[in-house]
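Here come two complexes built around chain A, the first alongside chain B, the second alongside chain C.
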Partner chain A sequence: MDKLGVFLCTGCGIGDALAVDEVIGAATEKGCAATLTHGCLCAPEGLAAIRGAVSEHGLNGILLAACSDRAKTREFAPLSSEVPAVFRTAIREHCTWSHPADGEGQTAEDTTMLAQDLVRMGLARLNGMKQIVPLHEEIADTVLVVGSGRAGLEAALTAARLGKPVLLVEEASELGGQLAHQVSIPPEEPPYDAPIPNPVPGLIAEVKADDRIRVYTDTTIAKITGQPGQFKLTLSGPEAAEMTIGAIVQATGAKPYDAKNLGHLGYGTSADIVTSQDFEAMLSAGAIVRPSDGKKPHRIAFIQCAGSRDDNHLRYCSSECCVNTLRQVAEVKKLEPSIESAVIYRDIRAPGHMEHFFVGVQKTAEMMMTRGDVDKIEANGKLSIHLSNSLLGDRVQIQADLVVLAVGMVPQSADGELIRELIDSRHQAEHSESSQVRATSAKRADELKHHDGTEILHLGYRQGPDLPTLKYGFPDSHFICFPYETRRTGIYAAGTVHAPMDSAQAAEDGLGAAMKAVQCIEMAKRGEAVHPRAGDTAYPDFFLQRCTQCKRCTEECPFGTLNEDKKGTPEFNPLRCRRCGICMGACPERIISFQDYSVHMVAEMIKSMSIPEDYEEKPRILALMCENDAVPALEAAAANGATWNPWTRIIPIRCLGSTNIVWIAEALSAGVDGVILVGCKYGDDYQCHYVRGSELANTRLGNVGETLQRLALEPERIKVVELSHDEFDRVPRVLDEFSAELEAMGPNPLKGF
Partner chain B sequence: MSENKTSPLLVIGAGIAGVTAALEAAEMGSEVVLVEESPSIGGRVLRINNYFPKLCPPSCGMEINTRRLERNPRIRVLTSSKITAAEKIGAGWKVTITTAPAYVTAACTACGDCEAACETTVPDPHNLGLCTVKAIRLPHLNAWPKRYVFDREAVGDAEAKRIAEACPVNAVDPSAVATSVTIEVGAVVVATGWRPYPIENLEELGGGRIDDVIANVHMERLASANGPTGGKILCPSSGQPPKRVAFVQCAGSRDVNHLNYCSGICCLASLKQATYVKEQLPEAEVTMYYIDRRTPGRNEDFLLKVAALDGVKLVKGKVGRIERNGGSVKLHVEDVENVRLIEAEADLVVLATGMVPNAVDDDLAIFTRKDDEGFVLDDLSSAVTVAGVARRPEDVAASVRDATGAAARAVIAAGGRS
Partner chain C sequence: MASIPIVESTDLRAEFFERGGENAAKCYQCATCSSVCELAPADAPFPRRQILLAQWGLFDQLMGDPAVWLCHQCNDCSVRCPRDVAPGDIMASLRAMVVEKLAFPGALGSLVGNVRKTWPLLVLGPILFWAALIGITTGFGEVETHHGLQPGPTMGQYFYDALVPHSLIYAVNFAAVGFVCLVLLVSGSRFWKMMGDRQTRRGSFVGSLIGVVTDIALHRKFASCERGVPSRRWGHFMVMWGFVGAAVASGFAVVFLYADTPPFSWFFALPFFEDIGYPVPITHWNKWLANISAVLLVVGGIMLFANRLKKGDKLVGQTTAFDRFFLWLVLSVIATGVLTEFSRYLVADPSVGFAVYVIHLGVVLSLFLTLPYSKFAHIFYRSLAMVHQRMTST
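== the complex of A and B ==
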């Protein structure tokens, strides 16, 4: 933008803390077309003044030097549709509130210099900004639902009711999944005290009757390429078909844990030791009999956590087995009142309203219950269950005629990233020129070989053919706050493949995932990004003429946005993009730019800082801070009256992962004494909204240390800090500690060159 | 979706469930009116220090939600507001929304000048009354809208006048009156959330009687950097850090005399709070008395992680009585595994109390179906759907999933699609 205006708010104490003329002077020096100060820019009069200046001077870019863009957002938002480029710099939070002239170590002169730099940096940013023209693509409406258990059926019906055509693809020859033949399910309505009829047959009938839903049984996915709104789907089955779809719900469910692994519980030693699924078949058939002799058992023992919560089997709890067992006990009582039931558990997990069910079943079924660890189950005539640590005493035995093992659930997912790694490792093992690489790759391929042939979605993505998974194979990312944010845009997991859950939760999850799928289609039509930058219409542009095919962008994108051609040139899929800018940070050629955020823009912001040559008085520090967590923490600190050194210049960035090394180089060669990067926590319990951004930034900067040493600069001039959103009490300390460390190091030797 | 003009959706309650439902519907393309009784959004989750099992701050996810919300023109937010009348009309509802007097108007810039002019203090609702705050203040550090709130009744007219005069943008109006508006909506999402079961009802466990017996919700505030102690876990009686902390599970839950149901989150909350204690006070002994350790799904890892901490003990036992014993607190416990009664001492006792649905004592016509315990049920024939703990006790992740599903139901009910 070339016709820029600076609007300096003097309200909220800003005017009192600054030499306003000098701040405006810094703007005028940069040749902006208009400057204006106002006592309250966010008030209707202030907004009118801005609009007046915009039309009077024909401004195409405006800098609002006032409060943070996290304040008065709704007031200033309309300006963005009236002026091609708007940028807000937080003079209030980053400068005057946190640097009062009477604060410790602060002077009015330093505060004004800080405000001048914020204005220069804002103008530099605006200089580079381009008008955003939202994408307008042809978007397909159809929702693909993969899997037809309760979650898949609910998802299909919901998407149809939201007005979308639906394809429901089921690998088996009939619909219904694990629940298809269950006699009942746990209660879902008050009084929550007895099993209710299985809703799945009814759902199947509804799906079949709904002409917006096309059902493909005995069918699997052969291939999915493209991007949300434009996925090209190929089906493999009796009716092979190709079509374009908008979004995907993966509801592929879970399968029971393989009881063959449960030898210690006697599985396989007696036909009378069965799984809860085997037992359900008896309930469905209406005949509870011992498989060994066809006789009615007197006592059935239900063993909870069979292969669950167990280091040797499934470490997690499948969430639904306790309540499912209670339901089976209730069904036994209904079918054969004379059969006794005994339940051996570690903890009865019947949360929420299921407590009523627990109490209800206890009342009607008079079952025997004991906590205990099952050491072994012996079959010699009767079945003997050896318990330790039980409520009946340590080392006791219980006899039963039939044992039901409540086995857990294993998600029917495939880990796309590991499959990709397997393919890469195999390729390297054969083709690498280094014998060492061939050997390590062969070893890795061997470790990963169980992923062979596990593909479900067959995505044509550079980063693998399926959703990446978290621990234990559940495809998920921010499972607390944003449970539908899988790492492949437009593809949402639902039901027991998503997380261990009961039938009621799976139904709810199917609805939610269908909602997200339809929403993704609607947002694609509007050219908007989905979560977390929901509504953002900017997107990265790739200047491919300068691409060196280094593949860093295609490897680092956490969302699998980029494919690559045979030469390794990235193929951008804008509708997969979440706008984090990690690709932009990764690119050594700096060819990836958003209309409102780019390597060049931030580099120009850094270069626009004034660097006093006399270090003793005025050191300069650059802080690149994540706008999602670190900046809010800092602004909360400022609002809370905290202060920090006046030498630090803060640039909020989208994600630490968008940090390009060139920014560090620009800063140091301009004479900045040190650069601190503050981003989200990473690791298993990562808090980065873009999953891996802060971790990737840390890795990139790990490599920069050597370069600094070659330039005779201390690697300690660069620091990366992990910080949570709530650490408002810590963040000023982090900035001041770094300032003190730099002071001890002395000035940047490149200063003044 | 075709942009056929339909009535907006009404979402009642702007806790995590309500905010999620509003956002999901609005991002889909629906117009939404979000009504919240408190002056700012976020509900219960913003009073939690960390979420289990990741031990991450709730304000982090709420930051993203707030950004989604304030940038989405399809959502109209009415804080300090309540539904005061509702009438079924056609397929939807006609509702009257009453907004408390706007003693601080939307012109507020949160500059803080009014707070400096205010002398009167009041118990801090954000910190559950554990400390005091100025009668005019920002509700809390991450409040949205970022607008001050004024307990007008707490100050005299003279002080109110001084406060109003201190405001540079004339945003303080001590004589404001309540306003109300009547609108038609196509469907309603009930997300009215929960409140903690009062510990005063647990007299036998020392609730309300012994100052070192606190509720789990208080523990969250004690552990929060923006809480009453600046994040230090201290015994209320002495102001000293506790050496022994006892967590009493199912305090007033799974109990015919109190709440019949299980709230589903208290076991995990106590395990999480055990990590707060151990992080700050590595020498402290932590004992958790439980009936069943309910840590479903992948939360099992969290149970194992906390149970393995040095100085953390989990005892299957029911705490029957708690009494003061000199400087400490004595617990009478039925040790279930060893079939005996034991006595234990602690400096600080945390009662893991459950959740009471806020709808329990509200007879709004929109709650067409409510169970005996006050949980609200979907009534799609009346275009009412329920999200979060208003429907069933559950954790944040489940509330968010439910709320997304409830948004779908509401969009379908309001849009005439089926």
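== the complex of A and C ==
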């Protein structure tokens, strides 16, 4: 943009802390077409003043130097549709609130210099910004639901009720999934004290009666290519079909953990040791008998955590087996009141309303319970359960006639990324020129071969044919912040494939995922990003003439946005994109740019900072901060009266993963004394909105250290800090500690060159 | 180390659940009860463990468990229990079960244990026995009393020994007491051995016994655990001391009766013991002792009874047939005893007084005979358990 205006708000104490004329002066020096100060920019008068200046001077870019872009969004948002480029710099939070002129260690001069730099950086950003032209693609309305358990059925019905055509695909010959033949389910409404009838048969009837839902049984997915709104689906089954769909809900459920692995609990040594699923079949048949002799058992022992929370089996808690056992105990009492039920648990997990159910079952069923570790179960006519660490005594045996193992659930997912690795390894093992690579690839392919044939969605994605899985094979994303998202835009996991859950949660999950799927279709129609930059219409542009086919972007994108052609040139699918800029940070050729965010724009912002040569008084520090967690934390700190050194210049960035190494180089060669990057926590319990952004940034910066040493610069001049959204109290400490470390190191030797 | 097979008794479990223990199945072992209990020793807290054992039907482990008796049922635990298990009630039901299962002979234990059905026999039996005995011996006719005194305002309008000679009372009641002592010796030694098998006793028996008697005399355990029902503590205190006073007064009455017979004659060398003949007038100090005891018994009895009327109050707990039988028996003894005395002064017709007196003798006999099998046995088992605890903790 070339005709820029700067609008400085002097309200909220901004005007009192600054030499307003000098800040405006900095803007004028940069050749702005218009400058304006106003006591309350967000008031109707202020907005009218902005609009007046825009039309008077024909401005095509405006800088609102006022509050954070998290504040007063309703007031300022309409400007974005009136002016081609709008940029907001948070003078209030980043400068005046956190650097009051009368604050300790602060001077009006430093505060004004900070505000001047913020204005200069904002103008530099606006200079590079281009008008956003949203995508307008043809978007299919149909929602594909894969799997017809409770989550799938609820998802199909929800999408249909929201007016979308639905395809419900089921691999088995009948609908219903794991719950299809269960006699009852745990209660879902007050008083929550007794099992309720299984709702699945009713849901199946409802789905079959709904003419907006097309049901395909005995059918699997042969292929899905394309992007949200435009997925090309090929089905394989009795009615082979090809069609275009908008979004996908994967509700493929979970299967019970294979009890054959539970030899230590005697499974296989006696016909009278069965799983909860085997026992459920007895309950459905209405006859509780010992499989060995067909006699009615006197006592049934339920063993909880059979192969769960166990390093040798499933390491996690499946969260519903305890309540399921309580339900089975209640059913036993109903069917055969004379049979005793004993429950051996590690700790009964009956969360939320299920506590009432636990109480209800205890009241009616007269069951026996004890904590205890099962050492072994011996079968000789009766079953003898050897317990240690039990409440009944350290090492005791108790007798039962039938043992029910409450096994956990294993998600019916496929690990897309590992399948891709398997394919790549096989290819390398055959085609690599190096015999060493051929050997290691062959070995890796052998390690991964159990993933062969596990594909479910058969996605035509560079990064693999299925959703990437996180812990324990569940294709979860961030379960608190965005529970339905997977790492593939427009594909939502729901039900027990998503995370271990009970029937009620699966229903809710199916409903939520279907709503996300519908939202995805609607936003795709408007060319908007769905998540987490919901509503963003900008998307990256690839200047492919300069692409060197290094494949970094295609490999590093956490969302599989990019495919590759045969040569390895990226093929961009904008509707899959989440706009994080991780590809932009990865690209060594810097050919990936958004209309409003690019390597060039941020580099220009860095270059626009004024770097005083007199280090002793005025060091300069660049802080690149994640706009999702670190910047809100910083602004919360400012709002709470925290202050920090006036030498740090903060540039909010979309994700630490979008950090291009060029920015660090630019900053250090400009004479900045140090660069601090503040991003989200990464690792197993990551908090990154883009899953891997902060981790990737850390890896990239690890490689930069050597380069710095070659330039005779200390690697400690670059620092990466993990900070979560709620740690606002740490912000001043983090910034001031880095400032003190730099002071100890002395000035950047490149300053002034 | 091999694991120990644990022996469960499903039949007993069903019986226990029927007799007020069914709430044990609601327990989920949070141990709130053990945490709030003021009486539970830190190294062997109760009642969580006892409830678990009851839930599983492991009564073998509970028979010789002193904890069952250390509980004074203040019901703090029942108030705090998040599952409405009412651990205080469970412990009470366990005590009933222990009394029944340790009883000798077992058949009598079951007879009283099954009191919900057998109570008419247990009460009417002794009354009819007395009626029959009197019918056979004196034919309900007046017999000559050996003292030859005349009734009067301080003496009452008639004498009961004119209907029932003292010798008859000795014959029946001394036999009953002898039987009770024998039975308690058998049951008590079983119980004592069971506790000893679980935990070695070290301290001195006599020393511990003195401590326990002091504790009981002052109701110290009640004092340390009582929260919401002071009437239970004081009611129990009065009834206990009322019985003690009545027993002492009865003993002295015998002394006065045989003032001229060795070995009692030496008493009359002591101050206050002058030979005033028999019956003693109502103004005599021994009568005062007896009447004060009667007042304690009546007031205490009413307090305990009123307490039990508070249905649904967790601090009171449930009242099982076992509780009810003992309470009514005690109240009957008190009521008939007091009425027996009043009749003599207030009702001219001796047949009313004599009828009340026969009933009184009957319920007293019932109280004696059922002592080892009814809730009354707590006086014995709890004392032993408290002695055991003192001997193991010193």
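Methods note: the second predicted complex is superposed on the first by the 734 of 753 C-alpha atoms of A that agree within 3 Å, B and C clash if a C-alpha of one lies under 4 Å from a C-alpha of the other, contacts with A are read in each partner's own complex, and residues count from 1 in each chain.
The working rule: a residue touches a chain if its C-beta (ideal position, glycine included) is under 8 Å from a C-beta of that chain, and two chains touch if they have at least 3 such contacts.
This structure is a prediction, so every number in the text was calculated from the model and none was measured.
Engineer: Record, for the superposition on chain A, whether partners chain B and chain C clash or fit.
Structural biologist: The answer is clash.
Engineer: A:Ala442 in the overlay: touching chain B, chain C, both, or neither? Say first, second, both or neither.
Structural biologist: After superposition on chain A, A:Ala442 lies in contact with neither partner.
Engineer: Taking the superposition on A as described, I'd like to know which of chain B and chain C A:Ile423 touches: first, second, both or neither.
Structural biologist: neither
Engineer: If you stack the two complexes on chain A, which partner ends up touching A:Arg371: first (chain B), second (chain C), both, or neither?
Structural biologist: both
Engineer: Kindly classify A:Asp726 by the partners it touches after superposition: chain B alone (first), chain C alone (second), both, or neither?
Structural biologist: So A:Asp726 only meets chain B here.
Engineer: Now for A:Gln397: first (chain B), second (chain C), both, or neither, which partner does it touch?
Structural biologist: A:Gln397 contacts chain C only, not chain B.
Engineer: Contact-wise, after the overlay, does A:Ala19 reach chain B, chain C, both or neither (first, second, both, neither)?
Structural biologist: neither
Engineer: Going by the contact rule set out at the top, does A:Ile348 touch chain B (first), chain C (second), both, or neither?
Structural biologist: In the superposed model, A:Ile348 contacts both chain B and chain C.
Engineer: Quick one: chain B or chain C, who's touching more of chain A?
Structural biologist: Greater contact footprint in residues on chain A: B.
Engineer: Going by the contact rule set out at the top, does A:Ala281 touch chain B (first), chain C (second), both, or neither?
Structural biologist: neither
Engineer: Just to be sure I read the superposition right, which of the two partners does A:Asn628 touch: chain B = first, chain C = second, or both, or neither?
Structural biologist: A:Asn628: touches chain B, not chain C.
Engineer: Superposing on chain A puts chain B and chain C in one frame; which of 315-323, 351-359 or 369-377 is the clashing stretch?
Structural biologist: 315-323
Engineer: Which chain A residues contact chain B in one complex and chain C in the other?
Structural biologist: 348, 359, 371, 391
Engineer: Under the stated contact criterion, what part of chain C meets chain A in this complex?
Structural biologist: The contact residues of chain C facing chain A are 1-6, 8, 10, 17, 22, 25-29, 49, 52-53, 55-58, 83.
Engineer: What residues of chain A sit close enough to touch chain B in their complex?
Structural biologist: 11-13, 39-40, 42-43, 67, 70-74, 77, 158, 161-163, 189-191, 309, 315-319, 347-356, 359, 371, 389, 391, 471-472, 474, 478-484, 499-501, 505, 508-516, 518-519, 522-523, 530-532, 534-535, 628-629, 632, 636, 639-640, 680-681, 685, 687, 689, 724-729
Engineer: Using the touch definition up top, name the residues of chain A that touch chain C in the complex.
Structural biologist: 298, 340, 342, 348, 358-359, 362-363, 365-371, 375, 384, 386-388, 391-393, 395-399
Engineer: Going by the contact rule at the top, pick out the chain B residues touching chain A in the complex.
Structural biologist: Chain B reaches chain A through residues 1-2, 23-24, 27-29, 49, 51, 53-65, 67-68, 70-73, 107, 109-112, 138, 141-142, 146, 168-169, 224-226, 230-231, 254, 260-264, 292-301, 316, 336-337, 339, 371-372, 375, 377, 392-394, 396-398, 400-402, 404-405, 407-409, 411-412, 415, 417-418.
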